[in-house]
Amino acid sequence: MNFSHSQKVIELQERLTSFMEEQVYPNEKEYEKQLEAAGSRWSVVPPIMEELKRKAREQGLWNLFLPQSKYGAGLTNLEYAPLCEIMGRSLIGPEIFNCNAPDTGNMEVLVRYGTLEQKEKWLKPLLNGEIRSCFSMTEPDTASSDATNISARIERQGDHYLINGRKWWSSGAGDPRCKIAIVMGKSNPQAERHEQQSMILVPLDSPGVKIERMLPVFGYDHAPHGHAEITFENVTVPAENMIWAEGKGFAIAQGRLGPGRIHHCMRLIGAAERALGDLCKRIQTRTAFGRPLASQGVIQEWIAESRIEIEQARLLTLKAAYMMDTVGNKEAKAEIAMIKVVAPSMALRVIDRAIQGFGGAGVSDDFTMAAQWANARTLRLADGPDEVHKAQVAKLEMRKYKVKQTEKTF
Amino acid sequence: MNFSHSQKVIELQERLTSFMEEQVYPNEKEYEKQLEAAGSRWSVVPPIMEELKRKAREQGLWNLFLPQSKYGAGLTNLEYAPLCEIMGRSLIGPEIFNCNAPDTGNMEVLVRYGTLEQKEKWLKPLLNGEIRSCFSMTEPDTASSDATNISARIERQGDHYLINGRKWWSSGAGDPRCKIAIVMGKSNPQAERHEQQSMILVPLDSPGVKIERMLPVFGYDHAPHGHAEITFENVTVPAENMIWAEGKGFAIAQGRLGPGRIHHCMRLIGAAERALGDLCKRIQTRTAFGRPLASQGVIQEWIAESRIEIEQARLLTLKAAYMMDTVGNKEAKAEIAMIKVVAPSMALRVIDRAIQGFGGAGVSDDFTMAAQWANARTLRLADGPDEVHKAQVAKLEMRKYKVKQTEKTF
Amino acid sequence: MNFSHSQKVIELQERLTSFMEEQVYPNEKEYEKQLEAAGSRWSVVPPIMEELKRKAREQGLWNLFLPQSKYGAGLTNLEYAPLCEIMGRSLIGPEIFNCNAPDTGNMEVLVRYGTLEQKEKWLKPLLNGEIRSCFSMTEPDTASSDATNISARIERQGDHYLINGRKWWSSGAGDPRCKIAIVMGKSNPQAERHEQQSMILVPLDSPGVKIERMLPVFGYDHAPHGHAEITFENVTVPAENMIWAEGKGFAIAQGRLGPGRIHHCMRLIGAAERALGDLCKRIQTRTAFGRPLASQGVIQEWIAESRIEIEQARLLTLKAAYMMDTVGNKEAKAEIAMIKVVAPSMALRVIDRAIQGFGGAGVSDDFTMAAQWANARTLRLADGPDEVHKAQVAKLEMRKYKVKQTEKTF
Amino acid sequence: MNFSHSQKVIELQERLTSFMEEQVYPNEKEYEKQLEAAGSRWSVVPPIMEELKRKAREQGLWNLFLPQSKYGAGLTNLEYAPLCEIMGRSLIGPEIFNCNAPDTGNMEVLVRYGTLEQKEKWLKPLLNGEIRSCFSMTEPDTASSDATNISARIERQGDHYLINGRKWWSSGAGDPRCKIAIVMGKSNPQAERHEQQSMILVPLDSPGVKIERMLPVFGYDHAPHGHAEITFENVTVPAENMIWAEGKGFAIAQGRLGPGRIHHCMRLIGAAERALGDLCKRIQTRTAFGRPLASQGVIQEWIAESRIEIEQARLLTLKAAYMMDTVGNKEAKAEIAMIKVVAPSMALRVIDRAIQGFGGAGVSDDFTMAAQWANARTLRLADGPDEVHKAQVAKLEMRKYKVKQTEKTF
């Protein structure tokens, strides 16, 4: 288990950090301002975003997430982890480097399972940051934590597929640049439990696709990206839009979600680091009851606990990344499940302490904590709620101690 | 310690509950819709609000918070607790019954310390729900958790006072009906530590009063009520706007904050009850991994812990109310500090569990949890952060065991 | 809900407190010393115990637990709560006042369900503190948290019952004065699930009763009381030893456990209060890193949180007691379950903080914290583990929101 | 940061694991039995111990803790970590491999700072496992968490030192083989704060050394090892018994405590692993309320959280070990402080969950959990309480963000 950073990674860390400090942090408020200035928060992308993307790409800080060297930077998960963490320090960071969810996951799906034609049509513009995409899996009417509940229909009709269903939390669908959705639905209701679902490419301008509304997250609309509720009513797409093959929905989801989950965790570590740093600076400048906040024991305890929790979460993330690289996502499933449980809760606690230390400023948008908190909170649900991952970890753990019921252990 | 409800209270509970079910809950979305439909979220109050206020007043469900029978319902804190809790189940509830912060606290200040003229001019329209008010205490540039840090200036100049300073979290100042601010500031910088501050009435239309911006809370703007940052630049008000007398700022704050704090706690209990009820209903209709959520042990544990925490917080709130009624706010200060620590954290945990149980729906605004969570989070800061209250509880506790340093205890 | 103490209770509180301070605390070490001095820790009861019992009885501080006025003090649960709490401040307290478990529970069973003869033979000497008793329910070979698992056999054979089984955690059986066990076992394996079990009186000197060993609790042997593992091998008792009737085991258990559980909680509150008081005194006499421990923020937070948790647990205990008195144990079952979950965990946290504040002294027996902690830890298991009580609370809570599966709630 | 195990380590892991399974676990009860059978628990060492030591030494599983190859196995901290963890699974494990505290720390002190003569006289028999030693630092009369409070006196008188003071928690002093104490005390009260203390070798049979009593830990006496309170009354030792030099007490303590602390953490991870494994096995054999415990969600959550916490604690321990090896104990002080906070609390939670899952068996000594819990609890105090380590972590963290007070950060 070797977590050492290669020279390449150290150099990328430095360049990313400089870019964040020089280009990203100073433009966070500008991004908000441009968004606010637009007629509607959903109609345009703040120009500063495209400008920053251009700069990042020029500097080679682009598509770092993709392990396959043909399309991306060819970094391993372990190499990408410390870089993704840096991007995650800002909520506008990942998009600037073309490393934002759900596009990264969708690009991975296309790289792994896409046909040449699908790649040409959708992967290429995604890699170029020209279009954006969404992922339509979760449904409002069932407990989607159990993906076998998903009930949208994908039906073969001659050389087409007919799609009907209602999805929500299709993140990114609000963006005017969003052109394509990967939709999960039932193609084979009679098949075996984990072979009933398929994933299919649905252009967002297809007749019958309707964005019903954008869902807020604790008051944040996350415009222009957004989280859409979408209905698919008798939507027709050519049969070649099917990804991989009918019935492969679960198989693709498993492949897609491993990296997706760990990327979220890396970003959350960055968010937590930033909140802790902000807190450490703030408390050195404020005084209450005759003593600087920095010298008050309770606040020191927050700082220590935050540092301790961040360290542990980072190490566990690195271990999961290392395992994904060396034994594969399937063998790493316990570790992936573990960090998916650990990182959001860790970030929520660390950020919450920072909020408390900042007082009123902490819950406002003068700093990034409140927004980062809200984002982190969704990640105890997105890509599987904590409870599902814990059950998975427990199952794998108990398997190590499999007891024959006939044998009396104790 | 008798927490039994009188017949009057039981009857009011029933009427309030009916009103909530028939008038309030069904109009929560309508309120949002009307707000959204207005040109700006800050220019008009949704008409449904005035309509509901009128209905509530007609039914005698009005100004229940005021203990003094001359102006209000004459209920004790203990009697008001179960009623305030019911109103708190909806974020638009309290205003409908003219029981919303910070107006309630401001009205209490005027009832207790206001001159006849101040009462006529400001208390009367507030009691009638015709105008609204804000409370300008906290400042952005100091750790206001220690109120001696407050540095706005209130200077006597002949028969006027000159006011200069910057305040924020002046909640309610966004409302077009908001006409008056109670401003706390330093009038006597040379006086004894707790006699330097005064409170003064400042009409919001005074020259030099500028609402700089409205602060969001986790993405919520809380329009049209809102939380304002306000600058006071050479604002002049007549000397008779001083409340009570110069140097009485702390004394008034203490009197004002006791009831204000406990009202927040009562409302939070209502918010928690609603979230728990929503969760209990939801999980009986959803199934995952082959079993209804309602039968899953982890979710049952959430429900049990929520019920247990609510019960305890309510009992402690009742005890604090009982003590305020019987031995006075000053003698009840440990109990007030305790519930101020307990209720927000309890509500945050209970609501957070409900959010987790609802999945994506929980963080959106389809239900009231996310908004209630954000509101509860501010109450670990507003009216004194948890840490200040805990330090107070500890100080009072240690006093019981005062050890002479010369005597060897152990 | 009236928690006020009657004059009688206040007077008993004062007398009990004096007795504790003058007679009990000063003799805790003496008790240990006498126990240590005996040849074996299991052969004799320290003479100081009988002396203190005599004094307590002389002062009328005797059998306060029994609600029925014929045999005991005739106090309600609500009246007994603050008294039981005082006794619980010392681990040797309850026995001194003849209010110790499991004797109190056993006496209640005999009062409620015993025949005249059973009362004469066993209740009378128990009320007089002449003998002691144990309760043999839990078994080593099954998960006894589910009492239907209990598999000891009680078989009718003519005018006798034949008893076979293995029990453990028969607390009190180590005491040389322990003469009688109430044994729970299966008499009717074919009956309905909750009518298979019976309770029967088994004199400990019956042939076939064998105390296999005494179980320690975190290193404490709790001599001479102790926790026994007992085998019953073809033990024969007269048919009239059956309590109430065959198949009534569950019914009796429910009646017995309600008061038993709440008494444990009352004592735990006393134990927590004592630990908190000891901590408050200690930290005023010690200095580290240039400041008295009493002025360090983290320790103040412990104190505040402890006070807050104790207050809430006490109020919930009083509510449960009040409900037992007014609507009966059955209707109070949610409240009994709640305090049974709350009180042990609360006490464990409060005592643990005190231990941490005392440093090495805290884990030793120089103070009572370590022993009280160990005792409290067993009470997250005894009389039903937390998890069973929480499941019960959840079930009752969900019932309030019973949703018809056909109706779409959300 | 490379945590990979070398072939040597993997092979030692396997051999240690086999030894534990074949020799140690099966003899834990035998050890207790022999101890019990002895006339006194303090007079003899159970013969099985010396037998197991002999076997371990024959197999080369001996003194693995010592990094210096001349005296020990020459393993780095990183290499020793996974081995120490295995030994820590049993409370009698470390002694068998001559890797038990406080002997390991004392041997390290002698290796690093001892004279040739001191090494010959004390280090050699310690390395051979012939004698044992204790470390007398903590005092009953001051808050020893702040080591500058230590007040025992070490006074030079000609060619001797005169020692006076009272120490407690001198662990190991109960062992009949314990021959030597390293005593910390004040030699230079006028010197600079951190140069007032010295460490000196005091043979336990010196006149004036009196073992006052053995302190229990939650009821455990930990015989024959034990935790002694010792008075030193005008004890005289030759000047050459001084370690390193006068005034070097703090410098030695720092060197001694780093490895000592991390060894404790490694062992605690082993203890936690064992408890988790025991729990996983147990729940697969027990049924309650119609379902195996293993299928109950709450218990699965315990298992997942335990696995997650162990993983994180282990990774942080490895990182601290790696840093000690590569940049030195001083540079690794934040990491050492962090694991010293993390590991005991982690172990306490994991073991406590196992206890809860075992029910009554868990608090008894039928399994090792209760004893391991009590041991882990002392480690939130020993070698510095959590609070001191957290303050240290916070101080180091804040230093990264040093803000000049004149510069306005926010």
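In this document, chain identifiers A, B, C and D correspond to the written order of the chains, with residue numbering beginning at 1 in each.
The rule we apply is simple: contacts are C-beta pairs under 8 Å (C-beta built on N, C-alpha and C of every residue); 3 or more make two chains touch, one makes a residue touch a chain.
Composition by chain, UniProt nomenclature: A, B, C, D = Acyl-CoA dehydrogenase.
Quick caveat: nothing in here was measured; it's all calculated off a predicted structure.
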Path length in the contact graph (chain B (Acyl-CoA dehydrogenase) to chain D (Acyl-CoA dehydrogenase), fewest steps):
1
More C-beta contacts across A-C or across B-C?
B-C
Taking the mean of the CA coordinates per chain, how far is chain A (Acyl-CoA dehydrogenase) from chain B (Acyl-CoA dehydrogenase) in Å?
36
Cα centre of chain B (Acyl-CoA dehydrogenase) to Cα centre of chain C (Acyl-CoA dehydrogenase), whole Å, reads 42
Can you work out the whole-Å distance between the CA centroids of chain A (Acyl-CoA dehydrogenase) and chain C (Acyl-CoA dehydrogenase)?
51
Going through chain A (Acyl-CoA dehydrogenase) residue by residue, note those that touch at least 2 other chains and give them in order.
296-299, 301, 361, 387
Give the list of chain B (Acyl-CoA dehydrogenase) residues in touch with chain D (Acyl-CoA dehydrogenase) in this complex.
296-299, 301
Contact footprint of chain A (Acyl-CoA dehydrogenase) on chain D (Acyl-CoA dehydrogenase) as seen in their complex:
1-4, 276-277, 280-285, 294, 297, 300-301, 303-305, 307-308, 311-313, 315-316, 319, 334-335, 338, 341-342, 361, 367, 387, 389-395, 397-398, 400-403, 405, 408-410
For chain D (Acyl-CoA dehydrogenase), which residues count as touching chain C (Acyl-CoA dehydrogenase) in their complex?
138, 140, 142-146, 149, 168-169, 215-221, 286-289, 293, 296, 298, 355-356, 359-366, 370-371, 373-374, 377-378, 380-382, 385-387
